[in-house]
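Take a look at the structures listed below.
In what comes next, chain A is part of two complexes: it sits with chain B in the first one and with chain C in the second one.
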Partner chain A sequence: MSDGVTSRLELTGITKSFPGVLANDDVSFSVAPGTIHALLGENGAGKSTLVKMIYGIMHPDAGEIRFDGKPVQVANPKAARAMGVGMVFQHFSLFEAMTVLENIALGLDEAVSYSELESRIRAVLEQYHLHLDPHRTVATLSVGERQRIEIVRALLLTPQLLIMDEPTSVLTPQEVAQLFDTLRALAKRGCSILYISHKLHEIVELCDKATILRGGKVVAECDPKKESSRSMAEMMIGGSLKEIEKAEGRSFGAERFVVADLSLPADDEFGTTLRNITFSVRAGEIFGVAGVAGNGQNELLLALSGERPVPFSDAVKIDGTPVGMLGADARRRHGLCAVPEERNGHGAVPGFSLIDNAILTARNRKNMVNWGVINSRLAERYTDEVIHTFAVKTTGASSPAGSLSGGNLQKFIMGREIMQAPEVLVVSQPTWGVDAGAAAAIHQEIVDLAARGSAVVVISQDLDELLAISDTLAVMNEGVLSRSLKVGEASVDEIGLLMGGVHGDPEATREYAGAAHVA
Partner chain B sequence: MTEAILISILVTVVGAATPILLAGLGELVVEKSGVLNLGVEGMMLVGAVTGFAVTTMTGVTFVGIVAAACAAAGASMIFGYLTLTLTANQVATGLALTIFGIGLSSLMGAGFVGQTVERIGPLFPPALAEHEHLRILFGYDPVVYFSFAMTLVVAWFLRRTRAGLILRAVGENDVSAHSIGYSVISVRYMAVAFGGAMAGIGGCYYSLVLTPMWAERLTAGRGWIALALVVFSAWRPMRLLAGAYLFGVVMTLELHAKAAGFEYVPPEFLAAMPYLATIVVLALISLRKSVGSQAPACLGQPFKPST
Partner chain C sequence: MLLELEKRKQPSRRMLYLTPVISVLLTMIAGATIFSLLGYDGPGAVWAIFFVPVLDIGAWQDLGIKAAPLILIATGLSIGFRANVWNIGAEGQYVMGGLAGTGVALATWELEGWWILPAMCFAGVIGGALYAAIPAFLKTKLNVSEILSSLMLTYVSIQLLYFLMRGPWKDPEGFNFPQSRMFNDSQLLPEIGNTFVHLGVPIAFIVAVIAWYVLSKTVFGFEIRVVGAAPHAARYGGFNQKRTIWLALLAGGGFAGFAGILEAAGPYGQMVPQFPTGYGFTAIIVAFLGRLHPAGIVLGALILAISYVGGEIAQSSIGLPNAASGLFQAMMLFFLLATDILVTYRLRFGGARSGGAA
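Presenting the complex of A and B:
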């Protein structure tokens, strides 16, 4: 780069504290022009806080931000955009009921007529070979397409620095490949990219440099091309990473959990209709359900857990007992426990203490209620047991669920269900937004539960996770479950194609499939 | 003969519909920004009494109407401060605003009971306004035409302008709007003030045109009908216009029945019809599943920005 002398972005001594937490402690690093720079760290390491300060959503307590060599005060996101900083958020800042065009217009600081904006959008789409219909309503788009809106929104401003916060957590392998092509093309034009991700193999593949944060401090800088996923993970957690211990050549028992011909109409216009879902899980088996979000996974979880009973009793059977028409509580009595995807408000009541949250699902299987009266000593003991066994970081059993970090709450919820020793466990996104260390612990617990003879269903968008822990795998696409594949025999490409390939882009799917065949 | 009756019925329907159309338009904008202000009835009463008092004192109706808009907007700012700045519960605060409005208007209006003001005349010259047929188009006072115009303005504003887009964005996803860099709170303050002003104008239409005098609880629960109308309209201004006239028909049933000498149903029942119709309409709309997705996604939720 011609302006290669200065750094695009230089942070010196950035410090930010919140009541009780030091989120960033004297963070310094710099990003060179035209490089893809990874920012790594566990949950709560301070990555999000740091990029929010660069983008002007938060303000540092101390330290200096230099952009293209000049010290700057980023007052708000508008100022950041004016400087040439774009950001794609982990949780998209999109407006579901509005069109793509309106969403993009909202991200611009100047008023542009819709016709001019549309032609500018089409030019950017053309330039980076992206596909997106500006007139679709966001609610009807896949997650990959939604992310593309955010990217186009950022690209329209021809940014000098693009911040991407966990961009691939919801994409299919093909969509990830396409995103990487876009990012590389962007870097080639001189735009620096600050890339935040948990997925270390992606960092190895994509990034030129990595800065690793732990506990709000920079603990290492490295060249990802010279590191392995494992070595970087160990730098992140500051210790060695445990492998999942899975007994080889395990044998499975009788069929414990059988789902036969389960169909369920969508309950609103944005939902997915489940069509003839059929699978069975044997004792000791982990059955993975892969697929891109929004293809009926939520509906499947509700139908399996009993939150939405199905009209046919025989559609769901636990150890031969038909439970299809029973609700969640009754199914729990029959030995089926479930962990939904959404932790706050679905898996746990944020304002309730951990004890009360434990009582909510464990009361029957753990005999916490006699004649309608809660045995609080028993409940407290059970909660303590869960906290202790699953190494949940909390100030105590009576602290509210909402005060726990995402990963810790997930560990608690998983622990609460697993320690009830369910015959069948259904889990959705067990490690969503959970850092490497906690994810490994959760995976191990799932594997151990199966080893004790339970049937486990894991619904996840994270293919690596499913390949690591499950024995059998099927893919959910538009409410239909594919045939079951044995893990080890199925290739990632095959599964990726079952997931529906690249959304709205059949050409790329074909290309990818072709490439896979050649390889 | 029957034609003349029909025309006079239509003219009364338009009159009866105008205040709920005005208040409904205001509330529609407020709800589009994600705020649920249940204080419409209270703000209408504040507008009604202020408009009447100022008109009596100054003798100029236009000044009365402007004062009504300002007073009701002022009352809505109490609601705004409590719910937006202090993030109080919107439902409870809105109900409190209604009760406050009833009490305040009774107090303010105590000295004005029994007085009368001159009705606002039609906008157009008598040749048009009193013409046998043409009065259906030209026979109304300026406030009626103002309510038509505002329907179009609000529809255009929400659909076509950038400010309208931002307002809808704030009501659709406050967190996202904030992270993009829009000031959720100030957008909502402006919407609430607009809603208050419109409710005030709607309210003073009773005390200056329809009645025209001041009595306690003059609006008789029409503010609640305006609220229901917003749901009925699925947050669309043109449907709100249609809905307001539909309710106008129901609200004037009692009048027409009396005029026609219709005696089979007790008049009290007919007088209760608008409220009954409100319940029926809301129940029918709730049966339709898609109504939830038409409502602004953040409706009624307090917003606390992180710093």
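Presenting the complex of A and C:
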């Protein structure tokens, strides 16, 4: 890319190590002005570390960063911003109880009066055709709107380089399209964009160039327009990708898991109230729950797993047995296992050994307890079984769960639940933050479990994932679940509209879902 | 040379066991320095407090007697601490256990029988547990911090003790001294062989072994650990956090109450206003020094018992003030909490990484 034009950003030989890990090993690449450059890699490939060094949060052990041709040492994020580097993080840092304007003011390095700031914000919003009311309280905004705050915050500084870290993981398809328009407009004005993602079809659609990292090293550079999602995925994982094997034309058995009119008030001010959730899953069926994060998916998981029992027994039934008022332990005995979204501290205890983490949920279904005493030999044997069957990479059953990588821990948790042969499995975000190889393995296990006759509920924000594995799909919006749609009959646009198009009006969601179902 | 803290990939087990030892050594060094600066014989004080009681076989019985209540209370507290339930009021539960047992003793003072002593112990356990039930109720129903409620209740229990000693429970034949009747032979703990070590001492060691088994091998022990380490995971695993808070506080109170009645029926042989000597607070140090593990607690209790006995020796031999052993005990906790950081971080010499890329 150095045909006479000075690169906006040029990295040469960047190396960074942590105790026991070489996070970046001699990384070199350059980003040309006005291009959208993808940084692609599996979890743990070193993408985050690399951009943190560009943004001044970390400092390289060796190597050189050049910005507009000049070598620089980025001391801290403030220096990075002063240089013209903006960053939008995957997880937003916003105060929910404050307005958009106040949040943006708090993040600025200089003191600007509210009136001046507001006019500057409005100018940016107009320039990029973004919709955002500076006086709304953040708590009332959708995730897409919250992300816009972060983008506006970065754009106010007219950056020369904008770093976007997995920006679409929480957006509806329509919001993604809007974001892409904004990014293209930005690039046209000469701002370079470093776009981090593992969603390959987005990169094909959006980016001009891609640098692929694996194990901290640059393994390939390519033009995404000339590659397929599959070929890039294979460069990313350094092997070939397995397809999910799902038997065609499967037939389902009787209704195994029935949820009827389940309502549950929110835990706190920022929680979501569940309203009249109704659905049923037959034996062998995979039921997907789509929706933008924060629309009650967490609450739904807690209500289904029994961590928050509901006041009516009949609201949840397993094979006809009412279990609504039972807690997690009792529901497990009735055959319902669950995997929550958060692995650390919810699905597993990071400081505990894998054996103890197996005891956590499998102790009763796997008969590890006798008169209140834990049979640690049985627990260890079960842990070993899970590790072997699910190919969990670890130094042994007694190593702490916190020492496993995200994908391996997720494989362990999924394995721990699936090997209990549950009649009903409820999973939230089964492949969140998991690399492509592990994700494929987890998907296959879910499909196989259903093929053995279990009813499976998958709650996910990743629409592609749901479309790939589920048989039936419903969309969650503001604590309301739409009617079920058959996968294959519903279009992505329809689902996207259910996810956010009629945002703020749960009744409309229901009606729309009804219409879509009939049509 | 720059000192730098660097996060370890996983907590160091070696440091987990080493830091209590390091903190005791640092306490000795700091103690010697402080008392030298104050004009005492600093090294002599450390020698008297930490070494003389161990080298003098005659003091060993005393060590056992002082360690026993510490072991019992600290074991009970460790159950709560593992579950992140911070019962700071063991001193009050200890007093209430002693009072409940004394109540049984006073009601049976004209009787004889093998059953009286077990009945007193039972009352002691129940008395301590019920007193800990108050913070448990406040915590689970009203979300009141158990740290404050249990601590404040300690002072209530001490006032109740004073009231009973000066009023209803005053020995009618006691020349108006504010203390209860002497316990009779059926109410006193027997002594072992021809020593003055009472039965409560071996009981404390046996209880520690039982506690180890329960905490490490049973679902109850597992529940306590999970609730402490990750409340969400505990709920996901089917454990009820409120139930755990109740059990942890009742256990802590019961153990402290048991220690209370063993003290009353052992070394004291009656109830006196001087009964609360701070065992309930010192046991907090013991629990942490012992890493909340029963075996560690036994060792920690012995070290604290040494400092108690040694403090008395230092008072007479080099004229150290009475507060000296308290100072040493406090320093031990202070250094333990300070060195705790070495479990999750390592010390590195030399600031290698200032400035970044050249």
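By our rule, the second predicted complex is superposed on the first by the 496 of 519 C-alpha atoms of A that agree within 3 Å, B and C clash if a C-alpha of one lies under 4 Å from a C-alpha of the other, contacts with A are read in each partner's own complex, and residues count from 1 in each chain.
Note that in this section contacts are C-beta pairs under 8 Å (C-beta built on N, C-alpha and C of every residue); 3 or more make two chains touch, one makes a residue touch a chain.
As the structure is a computational prediction, the values presented were derived from the model and not from experiment.
With the C-alpha superposition on chain A as described, chain C and chain B fit side by side in the combined arrangement. Contact with chain B, but none with chain C, is seen for A:111 once the two complexes are overlaid on the shared chain. Applying the stated contact rule after C-alpha superposition, one finds that A:96 touches chain B and leaves chain C untouched.
Contact comparison for chain A: of chain B and chain C, C touches the greater number of residues.
Contacts of A:76 after superposition: chain B is touched, whereas chain C is not reached. Look at A:60: by the touch rule set out above, it reaches chain C but stays clear of chain B. In the superposed pair of complexes, A:237 makes contact with neither chain B nor chain C. When the two complexes are laid over each other on chain A, the CA centres of chain B and chain C sit 40 degrees apart as seen from the CA centre of chain A, to the nearest 10. Once both structures are overlaid on their shared chain A, chain B and chain C have a minimum Cα-Cα separation of 5 Å. Under the contact criterion defined above, the residues of chain A that touch both chain B in one complex and chain C in the other are 59. On the side of chain A, the complex with chain C involves touching residues 14, 19-20, 59-65, 73-74, 305-307, 327-330, 332, 338, 340, 342, 345-352, 356, 359-361, 363-364, 369, 372-374, 376, 400, 402-403. On the side of chain B, the complex with chain A involves touching residues 162, 165-166, 168-169, 172-173, 175-177, 179-182, 289-290, 292-293, 297, 306-307. Considering their complex, residues 6, 8-11, 217-220, 222, 225-226, 229-230, 232-233, 235-240, 353, 355-357 of chain C touch chain A. Residues 56-59, 76-78, 81, 89, 92-98, 102, 105-107, 109, 111, 139, 267-270 of chain A touch chain B in their complex.
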